[in-house]
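What follows is chain A paired twice: with chain B in the first complex and chain C in the second.
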Partner chain A sequence: MWKLLQIELFKISRRPRTYIAFVAIAAIVFLIQFALKADGKSYIDLITRDIEESFIIDKEKALNGYFICFLLLNTLLVQVPVLVALIAGDSISGEANMGTLRLLVSKPISRTQLMLIKFLACFLFTVALLIWMAILALFGSMLIFGTDNMMVLKSTGATIIERGDVFWRYLAAFGYAILALTTVAALAFLLSVFAENSIGPIVATVCIVIVLTILSNLNVPMFDKTIRPWLFTTYMVGWKGFFYINYNDDGQTITGSVENWHAIKRGIFLLTGHIILFVGIAIWVFRKRDILS
Partner chain B sequence: MKKTVKCMMILTTLLFVNSFIYAQDINALVQKVKAKIELVNDYEAKGKMKTNVAFLKVPIANVMVYFKKPNKLKIKNEKGFSFIPKGAVNINMNNILSNKFTVLDAGVDKIAGLAVRVVKLLPEDDNSDIVLSTLYIDEANALIKKSKTTTRDNGTYELEMSYGKFAAYGLPDKVIFSFNTKDYKLPKGVTFDFEDGTKQPKAEDKTKAKKAVPRLRLIIIV
Partner chain C sequence: MAPIIEVNQLCKNFKELTAVSNLSFTVNEGDVYGFLGQNGAGKSTSIRMLLTLIAPTSGSINFFGKNLKNHRHEILRQVGAVIERPDLYKYLSAYDNLSIFAKMSEIKVSKSLIMNQLQMVDLADRAHSKVRTFSQGMKQRLGIAISLIHNPKVIILDEPTNGLDPQGIADMRNLILKLSREMGKTVVISSHLLSEIELVANRMLIIHKGKKMAEGVVSELLDPSKTIVQIETLNNNEAKGKLLLSKWAEFVQQNNGLLLLQMNKGDIPQLTIDLVAMNIPVLSIQPRHSLEDYFISLTNPNAHVEAFAN
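The block that comes next holds the complex of A and B.
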């Protein structure tokens, strides 16, 4: 099994498209960090306009590494599903396209094992991508902008989290993001079983994610209780839940707390369920399939 | 008839004299309070700032309060970034009493069982941002226990003060500062909030209850 995984990881590492994701993330992170270093105060002005009517805000302190990383994740985690789909959507269909799939299944391992190894390789790629993102977005921003109390903006108001209470939230958020992006990888992996070339599953995954994200963000009462709670895209931004801190009756934040654990737990449960479902269907279909390519 | 007229004249004279003495008395009281506050040239104080407003959820901040005569006041968070209410800096007793004003007596009232004199200050400057200030003064100690200040553009500011070891200088140990804030709203598309439709009822109820009065309550304990 370990040998097989090594081979799969070697295959991923040999594909030039693997590095597109890492380069794209680095480019976005550096561009945003540069822009905010150059003129971050204007951005703070824009987003805190309403608060500034009544409060004095120290913009230099507000623009710290923790805040910048939150902004970066907000931007990146919308685009990263596309980058994950690039690899996961290619895992089976790529072999079919190159004509190596038949050869692969003729090896003395079960099809289930083969599929699990392939998916594990996709999962490790997703983890590597997020570790790369954490190094650049979190540690890079902490290095460039320093650390301070973190301001979190919601549509209903603003929250301040004390400096010492932020780091564990990022670790938890990255952990959650791994789960969310693995769901996208599982979807792309499932679609790759049905295709003979890589483009189809990649484009289909991106389209499905876009359509479902729109549905998740549409404030239509009919969807709110019926469709929305069951879409995995509703929980893609669930990492933010770790930054929604709980507060007491006087409005003071409670250190180490999370406002809605229930939503996070539900997100973890549903995303895991989706991963099992997508990978399960992919294995089931692959086992039944007549491999001709 | 003559007797009645005489009586009325005496009564009117007495009332006039009385109100004159009373006006002098209230002016003297305000001057006494002002003189007490003016004893302080500058100070630095450590304090804790508790902010209570519907759209802000912030921790209790350790702050330093800096003052320099006549009315320069600065509040700075010792540990890091926080929201400092503008009114707390702009509307303070030194600021109110340093302007020229007309004093009006508004009778007596009670604050926490203590009898206080109510005084209204009307600024003489027509362009002043402050329209009216009402002070609730503890006459025996010449201390302002409470004040309400109505401004031209930013609503009403209310200060409640508790005194301790610096009462001799008119400096409170605890200040509760309340003022109206404008409501805050960012478009959902800008923030991409995480909502799964299962908000905790406790959190929602609290927000709703506070949303009804967009008023900030700031407590600084020195």
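The block that comes next holds the complex of A and C.
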């Protein structure tokens, strides 16, 4: 199993398209970091304009690595599903397109094993992408802008999280983001089983994510209790929950607290369920499929 | 010879289409077994069922006396295959491709093993070139190397000469003969190029519209009593007139200006003597009975003679 996984990772690592995602993330992160380093004050002025009267904000300290990482994740985690789909959507259809699928299936490996290995490789790619993002967005921003208490803006105002209470939240947020993006990878992987070229599953995945995200964000009462709770896209930005913090009776933030653990747990449960469902269907279909390509 | 592959009553339906119908055949140890049929006859479907790429609708396949469905893993370790064009991973080198598939075949992979294999198919000097720079013939040879890397007992080649130039076809033929004669492999080869099967196979199966038309030893299948002889004279019409008045009249089959006789190959010397005695100026006499002729006679009897004329 380990040897097969090594082979799969080797193949992924040798494909030029693999690095598109890493280059794209680096480009976005560096551009935003550069812009904020050059003129961060104007940006802080802009986003705090509406709450300036209610809160006293030290704008110099607010523009720190933690805040910028939050900003980067907000931007990046919307785009990264496309990058994940580039690899996962190609995993089976790409082999069919190259004509190597028949060679793989005629080897002494079970189809289930082959599928599990391929999905595991997609998962590891997703993890690598998030680690890369963490290195650039979190550690890079910490290095460039330093660390301080973190300001989190919400529609209801702003919350300040103490410097010492932030880092674990990022680790948890990246962990959650891995789960969310793995769900997208699982969807692309499933669609990949039905196609014989990579474009179809990649485009289909992106379209499905866009449509479901719109549905998830649509404030239509009819959808609130019927469709929305069951869409994986409803939980894609659940990582933000780690930065929403509880207050005590004196209005002070409680260190180590999370406002809505229930929502985070539900998100983890639903995303995991979708991953199992998508991969399970993919394996079931692939086991029964005649390899004609 | 012990049977290596036994196929019994194999059927495959794709919805309404019957691709293979009640196909049974046996491949013995050491055979170069030709699998012959026109495009769409069911060759590739049958071969893919042998490799578990396609699930049979009914019937059974046994390798080495064991059922393929129940002993898939064990059997496939002893089977190597090239299925149509072996496109491989174009962005990897020949060495990497070979290394990947060797590891997947559960063997201990060493640099010398891979280089020896590349040497065997004359690709050692291109070991580290990307496959995307290879010609079709080189890819085909690399495909053969991949199919052999784990030292299988059976090699299955589906249309291995597809897309090859004449030199590539000759190289492939020599390689197949080498596999059989020098390395003792059992080879199953499918092709619609009848001459190729005739040159390499000792036994063969002819399949048409998913059904077995004939199976047996190639030399026995080629019935010498049905040889087509093409005669070229200075005046074919005059020659035909004379032959129709002779004892050869019943054998004459003329078409599109060619003078053809369907006869026993052993009677050609007597025919030659009689043509000279009849003062027919002969330019050439060519016995044309081949596997192609036999194949056409089975799959389309009416086209048996016309095929040569066109």
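One rule holds in what follows: the second predicted complex is superposed on the first by the 290 of 293 C-alpha atoms of A that agree within 3 Å, B and C clash if a C-alpha of one lies under 4 Å from a C-alpha of the other, contacts with A are read in each partner's own complex, and residues count from 1 in each chain.
One rule holds for everything that comes next: a residue touches a chain if its C-beta (ideal position, glycine included) is under 8 Å from a C-beta of that chain, and two chains touch if they have at least 3 such contacts.
All values derive from a computational prediction rather than experimental measurement.
For chain A, the partner touching the most residues, choosing from chain B and chain C, is B.
Legend: residue contacts after superposition of the two complexes on their common chain; A:247 is shown touching chain B, with no touch to chain C.
In the superposed model, A:107 makes contact with chain C only, not with chain B. Residue contacts after overlaying the shared chain place A:14 against chain C, while chain B stays out of touching range.
When the two complexes are overlaid on their common chain A, residue A:162 makes contact with chain B while staying clear of chain C. Of the two partner chains, chain B is the only one touched by A:149; chain C is not. Those residues of chain B that touch chain A in the complex are listed here as 50-60, 77, 79-87, 89, 179, 181-200, 203, 206-207, 210, 216. Looking at the complex, you find that chain A touches chain C at residues 3-4, 7, 10-11, 14-16, 98-100, 102-110, 288, 290-292. Interface of chain A with chain B (complex): residues 47, 50-51, 53-58, 61-62, 64, 74, 78, 148-149, 151, 153-163, 217, 219, 224-225, 228-229, 234-235, 237-241, 244-247, 249-253, 255, 259-260, 262-263, 266-267. Those residues of chain C that touch chain A in the complex are listed here as 14, 48, 51-55, 72-74, 76-77, 79, 81, 83-92, 96, 100-101, 103-106, 146.
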